[in-house]
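This is the structure I want to talk about, given as structure tokens.
A, B and C are the chain letters, set down in written order, and residue numbers restart from 1 in every chain.
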Amino acid sequence: MPGIRLERLEKRFGEQTVLHALDLVVDEGSFTVLVGPSGCGKTTTLRLIAGLETPTAGRIHIGDRDVTGLEPRARNVAMVFQNYALYPHMTVYDNMAFGLRARRVPEAEIRARIRRVAAMLGLEALLDRRPRQLSGGQQQRVAIGRAIVREPDVFLFDEPLSNLDAELRVAMRGELRRLQRRLGVTTLYVTHDQEEAMTLGDRIAVMEGGRLRQYGTPREIYFRPADLVVARFVGSPAMNLIEGTLGPDGFRASDLELPTLRGPAGPVVLGIRPDDIHPFREGRGLVGPLAARVELVELLGPRAVLTLRLGGRELTAVMAEAEVRDLGEGAGLALGLDPARLHLFDARSGRRLPDPAPVSAAAG
Amino acid sequence: MPRPATLLTGLVVLLALASVLFPFLWIALASLRPPHLVARPDLLWVAPDPANWRAVLFESDVPRYILNSLLVGTVTVAVALLVGAPAAYSLSRWRTGGAGTRFAILAAEMMPPAVVIVPLFLILWHLQLTNSLVAVVLAHLTFVLPVVTWFLVGFVDDLPRELEEQAMIDGHTRFTAFLRVVLPAIRPGIGAAAVFGFVLSWNDMFYALVLTGGASRTLPVAIAGYWTFRGIEMGKMAAAILVAVVPVTLAAFFLQKHLVRGLGGGAVKT
Amino acid sequence: MWRPRLPLRHRMLLPLVGLLAAVLAWPALFALWVSLHDYRLTRLRDVRFVGLDHYRALLFDPVFLNAMANTLHFVLAAVALELLLGLGLALALHRLRTGRHLARALVLVPMFVTPIAVGLMFRFLLNPQLGVVPYLLGRLGITVDWFGPGLALWSLILIDVWQWTPFMVLMLLAGLEALPRAPFEAARVDGASPWRIFTRITLPLLRPVVLVALVIRGLDAFKVFEYVYAITRGGPGDSTETVQFLIYKVGFRFFRMGEASAMAWLLLLVTLALTVLLWHLLRRREA
């Protein structure tokens, strides 16, 4: 299975540059997710690979073919659109057969392939229906099935789950993942939903403003965000970001001092994920204690989201329900931070700084 | 006890229905009267007599005029669809020529026939094409073509682009995707445009009056001729009117649903 | 061999442009040329250039001015009545619960009937000797000479209203059905009266539909010909002579093509000016 290679790929619409010299290698057989806020260029990237847009500059390779100048039909890719784009005037069977017929695959083989894929997706009973007689989830399956029967080099997915309700979305997510593993086809998947990206992708490319911000495994993206944009975008609730300065005597912000943090001097932003804020306990290697006040407790079953006030700022923390059971709103709480999980970013460039090395685990 | 507003609503609708239906009803009754009783408004009911219908359908040239009208309408609509559909696609998808073009199409439909009729007549006269159905087809294209195109632009607008894009990824060129996916997908719109275009052609009298004569007359021109024979022909005129009206009315019933989308074209979202 | 490569978008549009140029643009320009000449079908060997003479003459020609005035009168009165009646009827149909689809389908029928048939139908129905309407009114002691002097133009307007109010109903009803529900519910919650809701919410939201409907109908009404041809032939006197009918008469009864073409171009200019005016009036208030 060929991979995809983008070289200095650029797209301008008139005055507006929606994609700045993008370099990206999608590994053979991998499930790679393009994620970012709307307008970040992810869909444009997908459409460039499909051949639906023409790049202003740069090259696109699928396997060892340079497909930059080829028409969509010559690229041997399959795409699943957000609105599914099922042909309304055709039955499910004909929808799935359409691409194969266009490529003059013999009818007998078409029938065999559709039968196989329909069994895989549980579509057997729907083959004679028309799209408008199907539920949203069923249409979604047909769209995916139509891509699979093509047996293309590459699958391209453009937000395929965003029109489904929450429950179905989670179910389809798992199914998509399993299907892709089983088929082993190189897959590029576009979404604006970071949670979807984290659960689906072998690798994730975070884009923003037409640029690639970080490209890595979900683990790398979450635990070592390359810059502030990625740090803000990934994780829910969002990472707490505190502006301050780093000096010889550690990190200082208006109402927070962490003397044990070390790093290059200058203005920085300290990032703390809500999960890395704990009630302070001695002997666990936590930085603290920091005296905070509980403003709001939102219970999510076994876990709780806390809105805390620390001096003049608000922090969000996620803790086990058992740890906050007795805390009412307005209660005081001593916080401890996990020093190994703190993120420091250069305030000017937004880039990640080397991990802050605490001098000692003791409180300062 | 219904509320006064509801009562008023019902009353308004009943009144409207009565004023719409009464003329047709009276004409229908008149067409079934024996010739000497047609001019007797004081008789509300006369035993039906099919003489007028027999005369119109079997003893006159009306069937030939019907055939002429059918032929003109069919050919006009066929040409309009053939030329209008690709154009509508281009206008909808690429906004070819800018936003002004689609309104230029609408404006073309609104061109007063008087502007076109004189030169059209002269040109066809020089080509010795007057008194032939070709002339009427060309004349009817002046308004059927813009209307059909305007209709189709609206229907293509409503079709998601992803449909063609999918087809292109599936192995088609843009043009074959248009043929294989876009056209079948807007079939209801094409049907509506065709029926509406046909109705316009079928109903036209002005162009046909100037450009046809004798055997090439269309039905409306033929109907216009009936009054000249005064009272005694009224029953036949009534029958001929109904012949022209009934098929179109039936077509219109099937058309309604798509008519607003079509007339609104690119301007009204429904 | 040099082969021009046009993009597909232009290739798909080209047949339309070509055909419209052949059947519309070229004739229209030819008409302009004819209008600058003394062009008579009876004297084709003697076509002389006369410049703007026809136009100059027409601007002071009482016959033409009368026809133009009749046409404007007809268009304004008919379209205004159609809008008002259409709005009322659309609102009523919109409220109707039982038989809604049938009622709507029946109400729309007149707009599909060939106008010449409508004209002849009403000529028959309103005829003082043969017609059922004067007869019934007579029984009530009312005598109306529908096509007599003074009333004939209004009778034609009435016929136009009968035929084309359904078009307004069609457009307005679609507009009403497409309106979002939320503003109405919000206004009801706020305690606004039905009249206030109608004037402050319904009408403003309907404006785009009204605009399109007015433009289409207005331009169409300028083409009035069939009723005149079927019933009055311009009479009594010249009280119902419309421009379209006058052009027909001058061009195809008297064969004076030059003057007919000049009239046609003047008619085109007037309709164009009115369309632009209407468009701007209604657009401006939208802001």
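In the analysis below, contacts are C-beta pairs under 8 Å (C-beta built on N, C-alpha and C of every residue); 3 or more make two chains touch, one makes a residue touch a chain.
Bear in mind that the values here come from a model prediction, so they are computed numbers and not experimental data.
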Overall pattern in which the protein chains touch one another (line/ring/star/complete/other): line
Maximum inter-chain contact count - chain pair: B-C
Whole-Å gap between the CA centroids of chain B and chain C: 16
Distance from the mean Cα position of chain B to that of chain A, given in whole angstrom: 55
Centroid spacing, where centroids are CA-atom means, of chain A and chain C in whole angstrom: 58
Where chain A touches two or more other chains, by residue: none
Of chain A, residues touching chain B in the complex: 50-52, 71-73, 75, 77-79, 81-83, 85, 87-90, 98-99, 102-103, 150
Residue ranges of chain B in contact with chain A within the complex: 160, 162-163, 165-173, 180-181, 184-185, 187
Contact set on chain C toward chain B in their complex: 8-10, 12-13, 15-17, 19-20, 23-24, 26-28, 30-31, 34, 41, 88-89, 92-93, 95-96, 103-117, 120-125, 129-132, 134-136, 162, 166, 170-171, 174-175, 177-178, 208-209, 212, 216, 219-220, 222-223, 225-226, 229-230, 243-244, 247-248, 251-252, 257, 260-261, 263-265, 267-268, 271, 275
Residue ranges of chain B touching chain C (in the complex, touch as defined): 5-6, 8-10, 12-13, 16-17, 19-21, 23-24, 26-27, 30, 38-39, 41-42, 79, 82-84, 86-87, 89-91, 93-94, 96-97, 108, 110-123, 125, 138-139, 141-142, 145-146, 149, 174-175, 178, 199, 202-206, 209-210, 219-220, 223-224, 226-227, 231, 234, 237-238, 241, 244-245, 248-249, 251-253, 256, 259-260, 263-264, 267-270
